[in-house]
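Lettered A, B, C, D and E in written order, each chain numbered from 1.
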């Protein structure tokens, strides 16, 4: 029991935080400020991060291996924590009536995300996934004075419900074929079933799983919810979805797939089916995500499509990992996460500041270079990083993914990735153009809360730092993972 | 042709019938009742599969809780009936084709390689065994599920309550 | 002193630089005299060389410095002084000096005279450089440079539309020829590995080159000469080049630059000697040009154009001489022609000035009475070009006829005779129209000494230059050529043709026994052809200019619509796709799920089907 | 043979649920359809847990969790729907399309 | 940090200085930029003078940067050899000129000059880098800064131009990145030398062919080679003069440099196979550009197409595959860089006065602006390859080199010389000859514009008269390259 407390401490502390926020919300007067609760939430997340660091490099498995935590997982959790921290900081000025509940839900979602990537059991996975999703549904719909917020939540919940039905359906087949829900054991039994001629069930099961995975990643063709939800959700929640939920989704996908098909007998399925279908998903995501973003005026919607494209890029890394299992591919994925996290957080933070009450159409950025040169510059850097321009973290991330992909002879994927990157230049640069050479109608100064300032500064420094000194991270990563 | 098969046939006809009625009922309330019927039938099937605990849960949660919840929902939203728009009809046909395609594929797979139950390995799960496994191996998911319910609770309150301003 | 002979071109170069700097502020007189003085220094130095090289038969040392590395080869720049080169030095510096003196008078009223003199100095420099070049590359270098100077000077009156067109034409047409020379140089480099005349010559002598290659190279070099020397079919620029100031016409488009083609052939004569085909081409083109241009000159009404066609014709003679293995004859004619044609042009310039810049000969007349000295000078030139003994033209032409006859190309001989007749006719037509007849303008301008001195000096040379070759074959001697035995009847026939031509001109334009009009009618279409210059310009216009323009337009359309269209297509494809994809995203969650399920279905199908196929 | 029948029944119910979610115009019915799909899956799980290759109790536990989640989801979904209904004043699902493109 | 790194850092000092200045201090912005570019130029001249003439890499700097995957690491490595040195000096010089020519920029000078200096860093870096990765990084800097420079300070259709620039060059850099990634994966290194040796060891495989073609495509777009030229027209026409000076003067030459450095030097055996194709492409560029230049009615378009034509000559020189041809190609890069810089400076000065560069609107400028038209004349003559100006030497070398193996093609190529004369003179004469068409406020150029122009003329002249000034440093490197190529 003591072990369980120790090992699960990063998650436990979140539970404690949830409880504290809940109590605080109940105790506080209806009209009093909820910033206290925000501080509690931030402290909780920080504490969780600290505990993660304290856990060091040990490998933990609990409950027959249905809970695992190794340095890589832990470092991903670190990213989730960092992402959530950014979200919480941004939330300071978010206009939400039920602020206390909001913090609680964010913590719950983080808890879901963290247990999602630690779990190696179908049941465990499902429950954590639903915790994450359900909190997210509520978070999306929390800005009740905006119609679109509710509508987004509606679409999200229906789409999410359907896709979790698919996911479950797939899981049920895997369970049926293997008789276990424990992922560490499942693969061997599946191999037996495969040999006995049940491969079609495997295909079916996998494709059904793919729906659930695709939904979490927002990969084409399971991305349809993303633009509307990103647009309708409060900007902070969009940030959460784009960063925490997405990263957790990737690791979920990676673990699920690699553990399902880990057994030697299933390698042929991995190559003949899993990788090709991921490949299709990845290509479609890159193409449709980037292409559709071309037409968007609404910044958040554009970023939604862009994040679909990025999901495609990250899928490339996932495929490389599945193919070669080299640590370098893993670190390329991680690097991309870092770059993507920093840039996305920065971008959303900037939009959050500038758009304020207005709907963040591209026009709100007009003449930003005059109104706030610093913000204009930072936003440019973030967008350039998303576009993968050198000297930003995004470039190194893209480069490492490309190297992994090329190393696994995925030439067409490499080509598509670069081609769509070129397409993506268009809409990223259009935003930059809007700031720098569109004259402004609105000349009001931009005011910014310090908490957002922290996020932007941190993202900016990080984007440059990891773009110029990639070795700091790459070296450490290979130490951790290796 | 044993009793179990007979029971299964009847229950499945009920379940499918309920579902089909759900699809085609003219009034919203009828749909809800039809679906509740399906849920009940499923509980029966669970019994057939010797999952008594689940059968009870099914009746409580689905046939009882969720159906009632939905009926509340229906009443709160005062649905009006109307003819589907043209574009929607178009959408319906494609949906039908797609679902049929999906159905055909699943059925083909199921029937092409039927899963044979190994003889004598059927287990009956008592509530006790379920309980013990649940709290031994699935303690964390259970905890998470409780958080999930908390989230759902708070979420539902936050979302459904009237705007304060 | 002799080892500094390479500095000769530098005097005018220095003059050019100084004149350019003083372009706006400089005193006109000072600037122009600077050019004259420095060119005169060059002239003096040239004379010094002539004395050493030609009279005392000394060899003048070559001068070379490394210039540039082409791959592993080192190309030198320097100067060499073969007899031909020394003789050319003399001609160029002399005529140049005289023309500059003349220009001091001619350009007195022009605001931009300083620029003019600077250009002249630059030209003198380039021409002198061209003359002393010891290798092909350096030659080509100056070859182009003189072309530019010619271009600049033809277009000196840049605000005139005709001058603009003429300058452009001059540059482009000569450049077509230059490309021939360019290719020849490149080929020679890869055949021999050097640009030096002596190295190439040695290689040719040592039979390193195949005869086909020699022919090819010789022809290409000749193409260069065609362009520069206005031979058919690239002659069209030269008459148009008369848009430049008259001194320029005298210097560049009569005496020196246009002779550069002939000089080039003479300089590389050892190459032509190896290829009978090349020689035949040279002589036929030369002969044809001589007659052809003379025919055109018969009917022109612009005083300078008549002289221009005459120049073309005379250059044809020179080529004819060279092509008939008569190196000395061709070169000799170059020499004499330089004097008498410069004389004629300067005189014509004086006439033009006298008539206040009127160039149409039909509006002139009776100048003999007003400016007799000019008449006499012009007459000397006319006699000389017509080939009347003892004027210099007689001797040089005679040599050419002899060479042609001995080469056995009798058709060319006849053509040359006809051309000689025409020459005499059009020259005296000109003389009678301008100097004889009624006085058309009461008060003609009196001309300053700037006009008189150069004209008289040139007249003097026109008279005496012939005697270089006559009793003693000096030129042939210099060129190390064995003199050919003269045939007595040739000079007689040639002179008779000339006299006949003069007589006809006298009959038509002085005595008016036959009116020019009836003569024109008699010749029928011939007159028209000659008057319209055989429609060559029109042909070129249609053939090259319009086809180039047409091609330009076609390619423009291609570039804009096809190449640009492809780019547009590439650009619009993503946008189309984008539109399609956003149309699918219609806002209804059920549509979204449907799309996803369809995607799922397709994925499932593609995977299972793909599985079954493979 | 039995298992296959159960699986077939589950598949039929799943597809009906899917068809419902795709075509029903009333928003509440969408939520209902989702529940139907989840129910089909539950049936699958329970059938496997009794009649699969390796009959064991985990399938039932899975189902237990699924039911819990489904209930929570239904509650949240309904709450969202009510909030949305307040603004849109209609329960027609295809009217909820203010964001598109 | 070695001197080369300092060279790259100097412009950043300028940027810092600029950031400290107030927005309105336009004069000081200019001064800072001029000063910095001049200092950089001086440093590069110092490098030029202390460069010892042999094929080795000099002023080398090498630091481990980062490593990824099983391949060897990626380093920060700079160096200069005979090939990059002239390009570097060209860059610094033209940048200085362009900085001076930025007097026509009147709005947002602070941002402009900051970007300008950043662009200079990018351009220098491209030539200083001795590994592909670093090359790419700097290449992208030029890409991004150019986008802004065109887009913000361009003329009417600046956005179209900027976007065209973006698509084409984006595609180009995508190809380049594929090649770099591939090389890194396949050969385990991105250092020029290492890769060159490893490529030479292998027989060409489909994979290495793909990489090679990607490289070639990248630079074909940059150069640009025939079907990829559309973007460059718009940039030439719509970008502000000082930016076009940089663009036509240096950026296009990155394409040439890339082909030389990566195509010829690295993938010499592949290059050997496609030499004939390259010759044909070169000819197409040469003649196509020339004929279209003739058909244009706007001065900047004439120049744009003439650039295409001149890039054809570079290709011909490269394809010749001998030292002479390569010398020609490099000289052509330098020479065209200088001449087009001069030309666009002139065009900028003209536009400033006449507000039109349509040929039909112009004419007779020589009357009111004699000095201007004199310089224009020299620039034109340089463009059409007059001996004594740098254009001749390079064209001569390129074609001469080509004559060794492809005499027929070379002979066709000489047609380009005629066409060059045709279109250049047409443009020149429409501008400065003839009757003055409109009453412009045509004051002749003063010292501010005149001095840099004179400096350019002087350099063009000195290279034309004494080409060894540059070709000297080249020889060693080029001989090594040529021997590999033929080996």
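By our rule, contacts are C-beta pairs under 8 Å (C-beta built on N, C-alpha and C of every residue); 3 or more make two chains touch, one makes a residue touch a chain.
Just so you know, these numbers come straight off a predicted model, no measurement behind them.
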item	value
Shared interface partners, meaning chains that touch chain A and chain D	B, C
Best-connected chain pair, where connection means C-beta pairs in contact	B-D
Central chain (by mean CA position)	E
Farthest chain (mean CA position) relative to chain C	B
Centroid distance [mean C-alpha coordinates] between chain E and chain D, Å	64
Centroid spacing, where centroids are CA-atom means, of chain B and chain C in whole angstrom	101
Centre distance in Å when chain C and chain E are each reduced to the mean of their C-alpha atoms	37
Whole-Å separation of chain centres (CA-atom averages), chain B against chain D	6
Multi-partner residues of chain C (each touching 2 or more other chains)	582, 585, 587, 589-591, 593-594, 597-598, 600, 604, 608
Multi-partner residues of chain E (each touching 2 or more other chains)	167
Set of chain A residues in contact with two or more other chains	123, 127, 130, 134, 137-138, 141, 144, 150, 153-155, 158, 162, 176-177, 200, 203-204, 227-228, 295-296
Interchain pairs in contact, sorted by label	A-B, A-C, A-D, A-E, B-C, B-D, C-D, C-E
Sites on chain D touched by chain A in the complex	14, 17-18, 21, 27, 30-31, 34, 37-38, 40-41, 44-45, 47-49, 52-56, 58-59, 61-62, 65-66, 69, 72-73, 76-77, 80-81, 83-84, 87-88, 93, 96, 98-101
Contacting residues of chain C [partner chain E, same complex]	23-24, 67-72, 115, 140-145, 148, 152, 155, 158-159, 161, 163-164, 167-168, 171-172, 175-176, 178-179, 182-183, 186-187, 189-190, 548-549, 551-553, 555-556, 559, 563-564, 566-567, 570-571
Complex interface listing, chain A residues touching chain B	8, 15, 18, 22, 62-64, 66-67, 97-98, 101, 104-105, 108, 111-112, 115, 121, 123-124, 127-128, 130-131, 134-135, 137-138, 141-142, 144-145, 150, 153, 176-177, 197-198, 200-201, 203-204
Residue ranges of chain E in contact with chain C within the complex	164, 167, 227, 229-231, 288, 291-292, 294-296, 322-324, 327, 364, 366-367, 370, 377, 381, 386-388, 392-393, 396-397, 399-401, 403-404, 407, 410-411, 414-415, 417-418, 421-422, 425-426, 429, 432-436, 466-468, 471-472, 475, 479
Sites on chain B touched by chain A in the complex	105-106, 109, 112-113, 115, 137-141, 143-145, 147-148, 150-152, 154-155, 157-159, 163-165
